[in-house]
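Should a chain be cited, it is by its letter among A, B, C and D, assigned in written order, with residues numbered from 1 in that chain.
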């Protein structure tokens, strides 16, 4: 079973040299810390940064330099700043090679819900709807089940959707799964997690083909 | 009868303090030379300048600073440079208070034709179609008749249109005329030109109301 | 051209109950704090505010929400404001949540005289309700319309009397887009400079989009999430 | 990231007969002269070129027209090129003339993933033939579609190995828009600078839009209309 850092580390293995990547708030943000050595990857923050760097040193934080999570950040040499329309031109125009975001629910057809619980919680979709509607390579980072132990990989999303049939891959604390032909295809197991445990924690249709390898972190 | 400079001078009287103005190629360009003293007016060139200044001094011309007529120009303090999309955002978004352009034909309903003679001459519309489709205050600067003495103020345009029912005012070598209710309304006569002469040079419907004053230049 | 006014009071003259106001900023970054404080003082109400976020409870647009001066919010993300969520869930506040990229492009379209455009964002979601769907290259898109405002209020770093603006860092965000979309656009800046001091090649917002500009009295520039690392010794 | 290639030959690798190429520039200002010279050398033909103008007879895209390498031009104004007019009127060259603002916005839309938008430009004219007309606020608009290209070629003043670009003066024009709309975008620059030398706040084209960048050998930067005034003595 992985912790959040494990999920981030596994997602970092998806990166390729020269890619531009948008990381959502939460677990996705952690991915930036585990870029494999030798890979050049640029992180985009949809509020208007390309080439986002580490947090500033204490005392050097500047209110005018934040990321989409409203955290103070720095910008790397070779980075750039732009307005929100240009930022979403990058996203909508498919100039970003990989998008990682969290989810409350994912359905077996690739639907995703992550912005609203009717009557209870409404934070807004932020840039998520633009991201999932545009990108080919959408990776969801989330726990396999919710706090009450219920599966978050469903036949159908019960919550209002963020996007339709858009998720390509899901990395959870238990497994790596791809969306293919209306099912979750099991790609890898988290260390020490059995296929049966994953099956039990997955409400939607799970496809298991042959021997499923364990992740290497 | 006015010459080209006279037409430009008369159009310059249309300017108001604080206006942003787009001047087309030809006679309209001359208007910049006759801005009434005390008026602050900024000239936009649709290739991406606001605050266009005079021609550069000899030896100081720079190929990277041209206007929409491809002439070398300078930029004034307080000016700015932008891309073509932003430039036409200014135009389409009605941030420009006055547009002056030339025409081959104007019709009594305000139609204008100035970009093409089928089978003979095709220069293209450049920015003219965007300008006339967007602005409220379109002023046409042209000779009243063409080289063969035929009226350019017509019942209907014979050439392919640049824009429909968009011209507000026309300043020619003979007169100032407004488009109103499907007719050319005579506003002013050029010095020494009679109403009858204007009538004879105007093919479209001409409305003459009361005494028509002579221009003051 | 001289668009300089002396105070936020002068700058916001004419803003009335029931108007639609755009306000730049992302989170608390690049928000027009001086004008927001002025709007609180003016007690203007029934506002429709177009802004990516709604501030926090006690800063930014949160100040107007506290005083119930806002009738309707058009935003993309409001997760940082408890009072906002309370007013929305109770039905006191009308809310139109729209995807962030659509919000940005709708403001830009409003300023650019483009009345509507197609975007893939929001297809198949609540956002698409009542909107035209059309397929381009086999992919579904929805028709989104331009946004404009009676007043747009933006915050910039430096500006001159022509209204030319430059922004600093990510305080740029929605500001240049909203600057284009106001019938009247007000810019509050940290510093007014002489014409010519801003390099024409690197002006972010050409002055044509700005009607009034003033130097703000104070800028608190509150940080929402102060994240830092330690210097290695 | 290192997107630097050494020569125009390397930069234009992969450009083939029949492709659609966008080329920045307005008149002869800000055109990618080195790549155009290379395209002539390559003898690549049947090109569809999207460019605001078509150069003059013996410079810019005129060079490709002379060699009949262009099958179709998409432009807004071609008045400076006699050979162009001849080929067009004789029917040798297919030409799609579109309003300049629509051209700019269509390239921008192509780069921004907006497949179509409404504009008032061209309503009631030849440009509107076959296009959907829709009224917004009582005013007629036509639906214009996005433009993209197999290759976009832009010319900038300075750039770094990340592909970040800055333009000088009105040589900016269509370049930043077309830079966004190429499947592969090539930037030729007067000077390659080290990362960090370009102030991130004042980058015109963020590097994400650029796939290849090189320093041009020579820039003639020919002036089309040399207009000057005399110094008063």
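Everything below uses one rule, namely that a contact is a pair of C-beta atoms (placed from the backbone, for glycine too) under 8 Å apart; a residue touches a chain by one contact, two chains touch by 3 or more.
Predicted model only: the values in this text are computed from it and were never measured.
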{"item": "Chain A to chain B, fewest steps along touching chains", "value": "2"}
{"item": "Chains in simultaneous contact with chain B and chain D", "value": "C"}
{"item": "Pair joined by the larger number of C-beta contacts - B-C, A-C", "value": "A-C"}
{"item": "Most distant chain from chain B by Cα centroid", "value": "A"}
{"item": "Distance between the centres, which are taken as Cα means, of chain D and chain A, whole angstrom", "value": "36"}
{"item": "Chain A and chain C: spacing of chain centres that average the CA atoms, whole Å", "value": "28"}
{"item": "Interchain centroid distance [CA atoms averaged], chain C/chain D, Å", "value": "32"}
{"item": "Residue numbers of chain A (touch at least two other chains)", "value": "75, 81-82, 85, 88, 91-92, 134"}
{"item": "Two or more partner chains touched - positions in chain C", "value": "105, 108, 112-114, 119-120, 168-169, 172, 201"}
{"item": "Pairwise touch network: line, ring, star, complete, or other", "value": "other"}
{"item": "Each pair of chains that touches, named by its two labels", "value": "A-C, A-D, B-C, B-D, C-D"}
{"item": "Touching residues (chain side chain D, partner chain A) in the complex", "value": "1-2, 108, 110-114, 160-162, 164, 180, 194-196, 198, 200-201, 203, 206-209"}
{"item": "Interfacial residue positions of chain B with respect to chain D in the complex", "value": "45-49, 54-73, 75, 81-85, 87-88, 91-92, 111, 116, 119-130, 133-134, 160-164"}
{"item": "Chain C-touching residues of chain B, taken from the complex the two chains share", "value": "18, 20, 40, 42, 44, 50-51, 75, 77-82, 85-86, 88-96, 134"}
{"item": "Interfacial residue positions of chain D with respect to chain C in the complex", "value": "105, 109, 112-120, 134, 136-137, 139, 141, 145, 166-169, 172, 201-202"}
{"item": "Complex contact set, residues of chain D against chain B", "value": "26-30, 52, 75-80, 85, 88-89, 95, 97-105, 107-108, 119-127, 157, 168-177, 204, 221-231"}
